[in-house]
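For reference, chains read A, B, C and D in written order, and residue numbers begin at 1 within each chain.
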Amino acid sequence: MNLGFIGLVQMGQGMAANLLKAGHQLTVYNRSPGKDEALLALGATRAATPAQAAAGDAVVSMLADDKAAEAIVFGEHGILGSPAMHISCSTISVELSERLMAAHAQAGQRYISAPVFGRPDAAAAGKLFVAAAGAEHDLNTASPVLNAISQRVFVLNSHPPAANLVKLSGNFLIASVIEALGEAMALVAKGGVDKAAYLDLLTSTLFSAPVYKTYGGLILEGKFEPPGFAAPLGQKDIRLTLAAAEALRVPMPLASLLRDRFLTLMATGGEGLDWSAIGGLAARDSGQ
Amino acid sequence: MNLGFIGLVQMGQGMAANLLKAGHQLTVYNRSPGKDEALLALGATRAATPAQAAAGDAVVSMLADDKAAEAIVFGEHGILGSPAMHISCSTISVELSERLMAAHAQAGQRYISAPVFGRPDAAAAGKLFVAAAGAEHDLNTASPVLNAISQRVFVLNSHPPAANLVKLSGNFLIASVIEALGEAMALVAKGGVDKAAYLDLLTSTLFSAPVYKTYGGLILEGKFEPPGFAAPLGQKDIRLTLAAAEALRVPMPLASLLRDRFLTLMATGGEGLDWSAIGGLAARDSGQ
Amino acid sequence: MNLGFIGLVQMGQGMAANLLKAGHQLTVYNRSPGKDEALLALGATRAATPAQAAAGDAVVSMLADDKAAEAIVFGEHGILGSPAMHISCSTISVELSERLMAAHAQAGQRYISAPVFGRPDAAAAGKLFVAAAGAEHDLNTASPVLNAISQRVFVLNSHPPAANLVKLSGNFLIASVIEALGEAMALVAKGGVDKAAYLDLLTSTLFSAPVYKTYGGLILEGKFEPPGFAAPLGQKDIRLTLAAAEALRVPMPLASLLRDRFLTLMATGGEGLDWSAIGGLAARDSGQ
Amino acid sequence: MNLGFIGLVQMGQGMAANLLKAGHQLTVYNRSPGKDEALLALGATRAATPAQAAAGDAVVSMLADDKAAEAIVFGEHGILGSPAMHISCSTISVELSERLMAAHAQAGQRYISAPVFGRPDAAAAGKLFVAAAGAEHDLNTASPVLNAISQRVFVLNSHPPAANLVKLSGNFLIASVIEALGEAMALVAKGGVDKAAYLDLLTSTLFSAPVYKTYGGLILEGKFEPPGFAAPLGQKDIRLTLAAAEALRVPMPLASLLRDRFLTLMATGGEGLDWSAIGGLAARDSGQ
């Protein structure tokens, strides 16, 4: 396929590379220069504007937040109304996804939402998970693209914003694990239990999921720098989760607790830390 | 070894049977009659009092709550001061475990704490996990007993109440998963996402631990009867977690949230349901 | 003075009438027609657009929410750039007040923020309280206006958005009283205490403030219709409080709790009730 | 009347003095010596045991906690079964009040519960408020006693523990005010508003109750030493409130939040501060 890719930071680099490896033609765009060297070396073409990356069959976007995602669609030389189907992989708000859905429909442009789960190493390895939503025909068209970047695609339904809601809820669930582990580890540690032995017990038994191993390990070591996923991004995702919940009128007290944790972290010197640093707040509040 | 076993309800039945299968001599006691038939058929001897079950090398206790655990130690014909080492497998308060530790020491009786993780089917299969704490010499003595009932024993440290703290924290972590899933599923469902597809996505990716599959499935089906682990038991464990946290001065806001959830559940008709029914409250509060 | 008044719903009616009574000339505007009859009878002049109401010395705006407040400033025939100083009395977001401050400054138009405390009866009686912020010279100019509508003006500082922050925080404090009373009354009532006697005790002793009498009485009677201040407005104000708190990085766990209460209320049939109906949720969750 | 008084710390001193001033005969007891000098000078008689103070018409008890209250009733030379009616003014648990009610009834001794609202200066001035519950005949007997120590007596019902529940709920309400003020003041202060001006606005308008003035002033000055009512006592009262709520199955999320605040305070150096120091935690968590 003749593809475009917009947004070449950590995650995007790996995803775009896997599209090239799968044999697709790729035109790439990044707002700030110097991010596309490796991809050009692999055979990609450089686009001067977002619109130039959207002249083919489909264009994948992978951006940091709502503002960046809005800019490449609605901004000058944006992709709105271009021939390419828009495959949006960014973690954006449900509300923006609804606006994109409406705008693309009005412009006669196909649009699916396909946010991804996984960290940069999974992106590089083509081992992401994709939560996809959109019209069946569009999902079929996008299938070779999504398969090239992931180990599995989960199709949710025909309403693109549904995939964004699922992605946000997933980050809420991860943050919940961090908070729960933070409280439990603060408790047992103050009670004299070795945290490493404790974490081994947990992750060898009922809590064998990768998320417990990864974040439990970070809390255990108190190693929150450099950030793999920075606190402000975590805070943003909880904010977007709560915004979606408010629009749907779903009270989420645990998400509210996480919101306050992130604000506390960021107000007390944790701006530059990994989001798992909220898992250290229970220990701090208990005087450890 | 010449063993005793006190407390023959669901979990205890399976554990005692595995001790017999492992070739130990077993004297069994249960307060209410008629629970020991199957074990007698397997070769166990019936004790008329707790003390009679504590005349050998070690006596295992597996009781429902603090009150029952206190009764078989401090009550009439209790095991306090008996020759057998006391291996306490019940989920009891840290505070009671501290009192047991002191009382047994004063009476010259050995005591270890060895609460278990797992549901009745795991107990029957000898596949529990054990969190054990006590003097090294005592743990060595107890080793054949603990191995017979479990797939793995995690030794924490030499202070028996530490194992009770770990067990309680484990139930707190499970309840946290139930709450988080309950909120997330209420959110996505109200947003039009199919809950079964959502749960499949979660448990196939980052949340592959058994606890997510088990409790996610129960919330998905809204099937909270009959209870595998009843709401009042869950409420009790969160209460004991919070009591231990208070004694150690560890604020645990997520545990506080769970406390309120259990009270709400029990005050509004959920007394007889499985504890995972707190996972339905977010949906209820959102009008679903 | 030659004044304008924009926004003639309940509160605005009373405020505008008091300006006329104080001897000011008044030109009035309301988006939907038929709200100005009483004021015209008192000597007011009708404006066909917001801008027409802003041709004199000052224009007071009193609107329901951010959207309405934005429209009369930035919309077609809006007041931006008009000769009159803008005295904004609406309960709007801190963020919008910041934008108004910047836009008015750029347009060379004076702007102060002067949100009010009090219900419609206090507005009609000229007995509101005003929280005012703006340049000293502007506050002096506005002084006769603010005095005519209030029993007291509290000057905060020279930064208009500060007054909006104070107003929002005041509504947060009132909602906190409602929640606290709701929990306390649910507790004592389930314990067999007569709620009326209880409320009499509270309000005769430490909790003698009007807010306890007013809202305690509403909770006591369970009389939440018709709404004096509707639940969605309360929810909006807590949302704006949390938004301001997020921008300033101030975690407010009690405000988060109130947020969830309002969402629960609105998701379960309370959309049309008075905001004090969140004070009935603790009783409901306790099975009363 | 021929009265006894047990518990002569700050509050008790003032209350006992007012009984003497009202013309009653008074026998006084305090566990630790040296607290009764002033009262003996006013004409009181010293009792060597609690029982000796309970030989007359009625004995008032005013103790710091459940443990002390239990000791003077059930302990050696306790008052259980004495001729005097027991007027319990201590802030104790509902559960202990229930046990006292049963034990006194069984011993044929009259018992009412009459906890008080007010600080030491109000006790000295005879200006406390009393929340009383008990049999009508007993309350009539106690009437001269209660009137002598208070400015008003609120009779609740015939069930003594009801008065203890009301007292605990009152302290919960005060702590709620502290938390709400703490969050609001942290918010506006970080937004650049002068806290003193803010507090003046609040307490001159809707929040004119003494509790807002008292605690707002303490938070404003950040002056939490020496404690008028120490943090551990506040924490105890919230614990007893939550225990009563748990027994009655009333979820109280705001009380849960306060619980965590007190634990945080006490775990991070606030053990010796006034309980209003929880009102400083929102500022701390926001980096102020």
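Rule of thumb we're sticking to: a residue touches a chain if its C-beta (ideal position, glycine included) is under 8 Å from a C-beta of that chain, and two chains touch if they have at least 3 such contacts.
Fair warning: this is a prediction, and the values are worked out from it, not measured in the lab.
Under the touch definition stated at the top, chain A and chain B share these contacting partners: C, D.
By residue number, more than half of the contact pairs of B-C reappear in one of the listed pairs A-D, A-B or A-C, namely A-D. For the touching copies chain B and chain D, the fraction of interface residue numbers used by both exceeds half; the interface is of the same-residue type.
Measuring from the averaged C-alpha position of chain B to that of chain D gives a distance of 39 Å.
Measuring from the averaged C-alpha position of chain A to that of chain D gives a distance of 53 Å. Between the Cα centres of chain C and chain D there is a gap of 37 Å. Residue numbers of chain A whose C-beta contacts span two or more other chains: 245, 249-253, 257, 260, 263-264, 267, 285-287.
Put simply, chain B touches chain C in their complex at residues 253, 260, 263-264, 267-269, 284-287. Chain A makes touch with chain C in their complex at residues 239, 245-246, 249-253, 256-257, 259-261, 263-264, 266-267. Within the complex formed with chain C, the chain D residues making contact are 94, 117, 129, 131, 152, 154-157, 159, 161-162, 165-166, 169-170, 172-174, 176-177, 179-181, 183-184, 186-188, 190-194, 197-198, 200-202, 204-212, 241, 244-245, 248-255, 257, 282, 285-287.
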